[in-house]
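The two complexes that follow have chain A in common; it is paired with chain B in the first and with chain C in the second.
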Partner chain A sequence: MSVQARPAIPRSWRPETKPHKFCPGCGHGLILKALGMAVDELDLQDRLIFACDIGCSLLAWDFFNIDSIHTHHGRTLPVLTGLKRVRPELIVVAYMGDGGAYAIGAQHLVNAAARNEFLTVIVANNSLYAMTGGQMAPTTLPGQKTETTPYGREVKAAGAPVLGPELVDSIAPTGAYIARGTVASMIQLKNFIKKALVHQIEGKGFSFVESLSTCPTNWRTNAAETWHFLEKEMSGYFKVGEIRQ
Partner chain B sequence: MAERPLTGERRAFMAGNEVLAWATLAAGADVMYGYPITPQNELMHYWTRLAHRFGREFLQTEDELSAGFATIGGVLAGKKAFTATAGPGNVLMQEPLSMAEMMRLPVVVIVAQRGGPSTGTVIYSQQELNLTCFGGNGEGFRVVYSTSSHQELFEYTLKAFNIAWKYRFPTFILGDGYQSKMYEPIILFDPEERGWEMVPARPLLGLPGRPGEEREPVHLRNTFNLEEELYEVVMAAAGDYARAAADLAEYVTFRADDCELLIVAHGVVARAALAAVKILRQQGLKAGYFRPITLRPLAEKELREAAGGARLILVAESAYGQLERLIKPSLYGLEQPVHGYFRPGLGITPEEIAAEAAKILNSAGYGL
Partner chain C sequence: MVANFEAIITENGKGIFHLFPALCKGCGLCIEKCPVDTIGWSRQLGFLGTPVVEPGHGKPCIACKKCELICPDCAILIERRK
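Showing the complex of A and B:
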């Protein structure tokens, strides 16, 4: 009996650019692993366009053996909208942070969802602005300390954390796919992303997956604390699961 | 294949915005992404009706940021994509345009200049010169045509798509509310029937073949780890721009060879300047004019030559010295004084320019 070895990395990854550029313990690499597995399983490598936002997501610009583009902070959805509208045969994936998706690019998210654009959006929710050094994001938890909320986020002054998938759910017409996964549950995350891609392939509408992610560098946490923050604090506030199938 | 929008020559009397819709169609534009703003609205209105007939696409986006970035997406997809905007929309458009400039993406943008920061005055203005030429966080590697008649709106729009796709610099038609709304006779034509060679669009992403196996993946990058990497990219663009400048720069002169006073104007104001020269010549005053058609790149050498032959220079514009600032480096070292006739947000008549010119000439002791 022979055991088929699993490939160490997804086929759609670009080995020449590995090891990747994210910090040790970062969730971005895991989300991109889930995406890579979904792309492999659907055999999409030759018709996928991967677009990354500005934030730590930008470090993924040469991550895949897939045609890829860097956009501007928050502007990934309009770029892909413009592309997909005239090349509907391509499958397009926007990869962005919570700041890009829910703050500076919020108007694009709201309107792309409302128009049910045939895009797949993957948002890494790490509860802060990582690339710029750990400032508050729309998703920063109440009481969470960041560089711009050094005494903890006060909901009265800075608002409550944005629930991205729930926001999209309130806007997107029938046909959209919406889920929240987490890097703590990789097979589930891969399946959500895969379903989102299938949704786009089948022309059903907008597809949106937020993934809870880790940023030990800006959280200033060790491995155990990182895991605790992800699994207890974040998952307590942001409910993991499918919101719309 | 949808029918061609134009065959043979079509004589028409139409508003500038309608001319622009026919021009973009005839140029082979595949898609317009836009957001409503006066005075370009009717371009969008004509486009939505005509695009439908000729198998082209349109999307009304949520704002100009989105319209500009979607235009970038269309271009990446390998389609001739364009947008049109004005005033505060042009301000928002500068973010996507900075990306297009940096990444050498051939977007075409039609700007109908208007006055005022947000709303209201929408007819006379040349106050978007700075913004259109140099608006981004970049170096202004752009091609900007300042048109002054409907025939030019039509022909330079055809040309803009060719120039954008050939040289890969964002390319602009800089008009204004007056040109957009005014009616004028025009001859519309299909450029290929006239023997124009139309530069095809080609995809920059989504190429055939399995990336990483049958071909290298396309990884288009716009952020850099090292200052030196960015420097290389900018310097390569600077070199390309400098080499293309001689091909790209366009201008017109009238009676500039023997003039004492050279009037410099662009866009619709250049029409008044040309008429003013004729009035002044009838009065026995030796006036001439120089009109840059491309504001970027500028025909610097020719402008300097024309200015060097005159004694006085008068810059007339519906802005407070934006054209004057643009041309002054080309005149550096010349002794001729430069006078400004600045009417920000106002129309300018030939009589006004002629009166100003006569005043300057007389007070300097030339002419009469």
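Showing the complex of A and C:
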């Protein structure tokens, strides 16, 4: 039987742009689903500004029925800093990849955190540079094969993976909210994002949520292998939970 | 605006399984997460010309909605059978 029906998409999503532009099984869709659910529950759609970075996160430029901005690597943070200082009543969210946040645009993350700017930052950690074809990122796991580490990442030559939330924890002054979620636990991830948004609404300071994410295209994994890499390999290295409340 | 998409509806166990072929990209993530393994490949094709999914391949659906929650494209809607 085939009938007209309404899919269970968050209210804040923009249905005309669905299906979205991400690949099959991409974790970006799940993180933005968790964000959409959090925005719906807090009824924030009309006072939110969504800013996406360079990388696959930019494919979200028309994802929400929300005023959206797109900037270069890491620049989502200075752009939103200016916006928030001029219009403090707005709630601003930066959405970036791990390459944009921890390497190419890292200076902006470090300084926004150090200044305890009233921003919410969500970082999708899929363990590599996805948009450019799967090169090693700061978050690539030891031994993980990528386009630029065909024999696996060697810690001796390429360093150990960057722990984003732990890095922010070492920089941000008292008052910041810091957590790491995963698209394997959607309700927990939604709750972390919701707490980060409430943190900003209540004017407490910087809020930061990293989410472990999937990239079946560059991981070259089928569905079972995708879940395995996310839930066993990545969650084994990157500890999921709240770091600062 | 509320977008309407065509759903293929299949009743199975405790659930009424709605699958939206225009949204399903055939990633298979839902197949792996169903606790009763009822989800499998269908003969219908989805948005990218790949098979969509359907229930009826394992034990009866318990309407836990796990598949609905973890679909990155919101291509599944589960209603509980009355």
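Details
Rule of thumb we're sticking to: the second predicted complex is superposed on the first by the 238 of 245 C-alpha atoms of A that agree within 3 Å, B and C clash if a C-alpha of one lies under 4 Å from a C-alpha of the other, contacts with A are read in each partner's own complex, and residues count from 1 in each chain.
The criterion applied here is as follows: a residue touches a chain if its C-beta (ideal position, glycine included) is under 8 Å from a C-beta of that chain, and two chains touch if they have at least 3 such contacts.
Only a predicted model underlies this, so the values are computations on that prediction, with no experimental measurement involved.
Contacts of A:Ala157 after superposition on the shared chain: neither chain B nor chain C is touched.
By the document's definition of touching, of the two partners only chain C reaches A:Gly29; chain B does not.
Within the superposed three-chain model, A:Met186 lies in touch with chain C and out of touch with chain B [touch as defined at top]. Once the two complexes are laid over each other on the shared chain, residue contacts for A:Asn222 go to chain C alone; chain B is not touched.
Across the two superposed structures, the residue set of chain A contacted by chain B and also by chain C is empty.
For chain A in complex with chain C, the touching residues are 1-9, 13, 15-16, 18-20, 22-30, 33, 183, 186-187, 216, 222-224, 226-227. Residue ranges on chain A touching chain B, taken from their complex, read 12, 14, 45-47, 49, 54, 58, 61-62, 64-72, 75, 77-87, 90, 107-108, 110-111.
Those residues of chain C lying in contact with chain A across their complex are 1-9, 18, 20, 22-23, 25-29, 31-33, 47-48, 50, 68-70, 72-77.
In the complex of the two chains, the chain B residues touching chain A come out as 30-31, 33, 57, 59, 61-63, 65-79, 81, 95-96, 99, 203, 205-207, 209-214, 217-223.
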